[in-house]
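So that you can tell them apart, the chains are marked A, B, C and D in the order they are listed, and the count of residues begins at 1 in each.
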Amino acid sequence: MTIEGSKQTTASGKIRLGMVGGGQGAFIGAVHRIAARLDDQYDLVAGALSSDPERAMASAADLGIAADRSYASFEEMAKAEAARPDGIEAVSIVTPNHMHAPAAKAFLNAGIHVICDKPITTTVEEARELVSLAEQSGKIFALTHNYTGYPMIRQAKAMVDQGELGDIRVVQVEYPQDWLATRAEASGSKQAEWRTDPKRSGAGGCIGDIGTHAYNLASFVTGLELDQLLADLTTFVEGRLLDDDVQILLRFKGGAKGHLWASQVAVGNENQLKLRVFGTKAGLEWVQADPNYLWFTRFGEPKQLLTRGGAGAWDEASRMSRIPGGHPEGYLEGFANIYSEIAAAIRAARTGGKAAADVTFPSVYDGLKGMQFIEAAVASSQNGNVWTKLP
Amino acid sequence: MTIEGSKQTTASGKIRLGMVGGGQGAFIGAVHRIAARLDDQYDLVAGALSSDPERAMASAADLGIAADRSYASFEEMAKAEAARPDGIEAVSIVTPNHMHAPAAKAFLNAGIHVICDKPITTTVEEARELVSLAEQSGKIFALTHNYTGYPMIRQAKAMVDQGELGDIRVVQVEYPQDWLATRAEASGSKQAEWRTDPKRSGAGGCIGDIGTHAYNLASFVTGLELDQLLADLTTFVEGRLLDDDVQILLRFKGGAKGHLWASQVAVGNENQLKLRVFGTKAGLEWVQADPNYLWFTRFGEPKQLLTRGGAGAWDEASRMSRIPGGHPEGYLEGFANIYSEIAAAIRAARTGGKAAADVTFPSVYDGLKGMQFIEAAVASSQNGNVWTKLP
Amino acid sequence: MTIEGSKQTTASGKIRLGMVGGGQGAFIGAVHRIAARLDDQYDLVAGALSSDPERAMASAADLGIAADRSYASFEEMAKAEAARPDGIEAVSIVTPNHMHAPAAKAFLNAGIHVICDKPITTTVEEARELVSLAEQSGKIFALTHNYTGYPMIRQAKAMVDQGELGDIRVVQVEYPQDWLATRAEASGSKQAEWRTDPKRSGAGGCIGDIGTHAYNLASFVTGLELDQLLADLTTFVEGRLLDDDVQILLRFKGGAKGHLWASQVAVGNENQLKLRVFGTKAGLEWVQADPNYLWFTRFGEPKQLLTRGGAGAWDEASRMSRIPGGHPEGYLEGFANIYSEIAAAIRAARTGGKAAADVTFPSVYDGLKGMQFIEAAVASSQNGNVWTKLP
Amino acid sequence: MTIEGSKQTTASGKIRLGMVGGGQGAFIGAVHRIAARLDDQYDLVAGALSSDPERAMASAADLGIAADRSYASFEEMAKAEAARPDGIEAVSIVTPNHMHAPAAKAFLNAGIHVICDKPITTTVEEARELVSLAEQSGKIFALTHNYTGYPMIRQAKAMVDQGELGDIRVVQVEYPQDWLATRAEASGSKQAEWRTDPKRSGAGGCIGDIGTHAYNLASFVTGLELDQLLADLTTFVEGRLLDDDVQILLRFKGGAKGHLWASQVAVGNENQLKLRVFGTKAGLEWVQADPNYLWFTRFGEPKQLLTRGGAGAWDEASRMSRIPGGHPEGYLEGFANIYSEIAAAIRAARTGGKAAADVTFPSVYDGLKGMQFIEAAVASSQNGNVWTKLP
């Protein structure tokens, strides 16, 4: 055990951040704010926190945002902030899905970096537009697939990259929840309402909300490109408009296969995201609810339990960690790691440079891939569960 | 905790048992013998233990079988034992798969009850013949899908039967192993040789060896009938003749869906059979490697860890158990439970009766279903992974 | 994974076994019988199964013991069996504690090997007498501290013996149960009655029933000699006559220290016996309820989870095992291992020889040590919790 | 599962905070800063971050502290800040132990609230002086026994308080680590150096560093007052000046007993703090490394696994939580909870009021108790391991 944590924090020259969405009553906005704050890299100085003007203003006051930088709309905010000498350098977009694209466009066009919640948009087409716009603008576009920020996920990826697993054969990923096992959207849950509403969520329900997380995580760790999928999307809860359970067979380029299961009706599961990767030489297993552990087993050798901060932790994990082994880090620290990686990129961009090579975070391209994944899965399912190529 | 175990053993009038296969160097034969012995219900008195005559004789001597009841072939054994006044009442068939059907026929024809290892045959046709023959003969035909003998599996089934889970929505079952991650069949492993040889195993490799176990277990606990499946069978190890990894989407009659994964290349897994069942009211989770535990979660309530012999154990579990909670029972006890259930049926049959209603064990019909499952999966996979109806 | 189990069974020339105690309604007698039967090394042919003659006879009939070898008393049995040419070679004594010594004496005097449940007697004095008598008689005296029969405990011992842990510093052992959290002895539990009755149990309650198991296990694995102890014995349940919770500080010869906790009022625990050993080079952890696992951690290296039958299992574990890794063995198999080790010794003794060097089981000396441990703990506690030397 | 987190953050009117110690190369200072920042309740505006003036200045620059508020000594800082209209309201003292008392005195005397790392001082006498001074000053004195900030620890405490466990009988608490299993203090570890140096740590090594945490946690959850203890302190690593392993028998007022084990040589353990409480009605178990879980078992009922944010979480837990169940919170969040509780008290004190009744954090009295615990344990051990009364 090293007592010293590895993560270095530099507070000077904090990044001026704005936020769209995330006002009173929202969930993920508060998470983004904590994530931005944890390593002291950002100052939240502006917001269009709610489509309801009163709530927007009250929320801004709660958060110590000056009244004149609390905006009634993201359009206004993008324009006004771009015009200020001390305007925001980056914006976090934490609205329901259907607002991601218009908001992102406004800020990219205003020359402001974008940090966007997932899934990136509600359609592939919008996602493609954002890719183009991001490329043209030269601005950073980060997507908060936060699970890629967990230290032991970074280690898992590094182990795969460096050949510890040999050639990957099988990838099993699953994300069961149970909070939509009943029709919560009909009994007043705001979170359930928009997540089960095609207008605000897009064509995918469970697959968009958590299936994309599972897909992104599997892709991140294995480095494999999904070639085709065969999906069976189901709506178990009567009256629900979108899928709440997703079974998908996976075929990766290079011959690996696998399975992705996401469910919001799996009673007894909170956020039981789990990834298993099996190669010719070794296997890995990681569970989000217990993220400080990584099981690693070489063929024919005893199972090893690697721990964040413990013996067996690689630099790739330690770099993303703040405290010694045995003192658990959690979801917020993983989320903060994404924000801090983005911060490194923004700081580098201030002087026209690039962040160090090991700085990594999900990008607009991952967002597009996520939408293509959703689109392919919905199509496969609608077409009778047939193999469907990813573009 | 009750200190007293619940299982009652009656040793008087033990059942005279023979065995086909299971000589020196075999694996599952020894397991059957321990299972038969554990509750003291059987006497092993005859055998055709090996196709190699010398090994047969030596094996019999090892096991205390009289020389004149050690036979060179099962045909001879069936004939001779049927002719003896103290001939065997039942035979255990523990050969490689391709010998199950001919041996079973010989003993059924000789009026001897059959206890057969799984899968029942190598083809659906043979399995159908055995069903007919078993029906005609009026003899008991038991199949050792031993996992159905675990006490907490009995409880799981009872909980589903009595509505504790509500309507079943999702069934996830998996059976990963890693012992065939390399080409063990080419380096002298007898167990690997016949299991990867289509002539001795049938059309299924991994799916026949462990996929059928997973399917049988899911069927047993949920009571659901599989309507159709969509399978992707893969052979990852070069040069292997049968599948070593199996991904199957499941659709049950009544609307439940699910997924079955079996693999023999999942490095880091020994015999990690796991069943999860999710209903409208509650969920269940059980893992074979830790069989004394059953997770049970009612929607909106804390997770419960039910233990064999502990508070929360039902009669259905206690009936199959010998020792107090916290003192683990294992694989052999579960296997023995199947043998003891069969013994109850054989004893009842002695006087033309039926065993008590709660006595249950896998039958020739389960054997047929297993073969139909294999056949459908192989067909689905060969036909491009399409939905394939079970008969 | 090896598919083949390692344990070899030889059924020829089974050992003729008798039993004292263990009639209908008893608990541990049935466990002994299964343990004796599992590897097919013994034939149970005689018994004095109950002090109640009718129950003795009925129990014998249940077990297939001939009526003329069902005795009304152990004295009669010892005499009669010694006189028969086919008399028993060994006897299992499974009565309440206070009957162990008189019964053992009768059989040793009759030239019959003794297998005795623990604790060996109710006083140190009686235990000393048994040691003398056993030495004089030249007969085997085995004590069923069954936990030493678990394969991974054998491995743990071997790892310590071969220096894998370096010098032992700290030994933490605990055995919490909860079945005596209320006054069960006052509400009809036979098991609770005699275990809380000084006349039948001796001076120790919890410490005799399970504390000795914990002490024996720690001694077996570490090979350390206990030098002194400091005990605090408590009776939490009002009206109870013996201790139901035990806290003991331990000092071993050579400088290792440790702690033993045993409790029968630790609500939520079934039989949660756990041993942890920490040396200069590595640490070990084992839990009886999950006995197929052994945690092993070298200083500065990742934690390893060793599994029975898996990669990392040593010969010392495999020798005591029947089935492949991932298929759990349990309490009965561990108990059976003790019986089979004893069988090896008895077989060797038939021809005046000694069993192979690796055959080991708890002996009359371990029994004496257990009684000295109880005596020292009771004395320490009564004298104000002072350090008390072991003889 | 509720998606909405429960914790409310109010950023307006942040508390002006200073820090003593915690400059470059320190460990716990960074933890305090994150904890203060997480809920956005504090602004770190002043510091005497190192006894080395250059390092103090560089550290302050790193942290965005204005150069004129980076002080060369805490005396200077206390004086200067007290004199500023915008001076700090509270100070965090995160130096080695021996500096806690002089620093705390300086700030209390200057009318500034104190947040002090544990143990509070190096002697009982100093601790008593701080109690007096804190009482006289009317200022808040908080001690960062951070484990009391974990949500499920709050729930455990509430469950005990509300009688869910009945009368407490047995309390088992342990805190094993392994980072001092070798003589790290001789090979350049700063953290090891001062922790094993009596001049900087006081009379207790392991007992002061982590034993006090274990004691504080057990006291907090059970609400029991320790009456006497019997300790055996050991130094296993040659050349070390303070204890590195601690075994303590506990007797609480009212009759409960228990055991505390803390070790820094328990190879294989990182920060494996574990608390178990057993009452007449139920038992509890909690492990710091997996803090989102709380095992709760009513006598005669199935074990329940309560999860932070999940079904079965009480308000006392939810109040201390930010994100949904299944998304783990960790050490930093628990630490932040202590800071936010203190913030509530400081805000209330601004207007001469008191925080809400459920606001709670460790105080100067807990600090005194911790020192009395250390002193009693050292005395008990030196006097031959005798029962020693707490004052």
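Here is the rule we go by: a residue touches a chain if its C-beta (ideal position, glycine included) is under 8 Å from a C-beta of that chain, and two chains touch if they have at least 3 such contacts.
If you're wondering where the values come from, they're calculated on a predicted model, not measured in any experiment.
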* Reference subunit C; chain at largest CA-centroid distance -> A
* Asked: Which chain pair shares more contacting C-beta pairs: C-D, or A-C?
  -> C-D
* Gap in Å, rounded to a whole number, between the CA centres of subunit C and subunit A -> 55
* Between subunit B and subunit C, what is the separation of their C-alpha centroids in Å? -> 34
* **Length of the line joining the C-alpha centres of subunit C and subunit D, rounded to whole Å** => 43
* To do: Please list all residues of subunit A that touch 2 or more other chains.
  => 178, 269, 296, 303, 307, 310
* To do: Make each chain a node and each touching pair an edge, then name the shape: line, ring, star, complete, other.
  => complete
* Of all residues in subunit B, which touch subunit A in the complex? -> 169-170, 172, 174, 178, 181-182, 230, 232, 234, 236, 245, 247, 249, 257-259, 261, 263, 265-269, 276, 278-285, 295-299, 303, 384-385, 387
* **Of all residues in subunit B, those that touch subunit D in their complex** => 296, 300-307, 310-312
* Structure fact -> Listed in rising order, the residues of subunit B that touch subunit C in the complex are 1-5, 9-12, 14, 25, 27, 30-31, 33-34, 37-40, 61-64, 177-179, 189, 191-192, 269-272, 288-292, 307, 309-310, 322-333
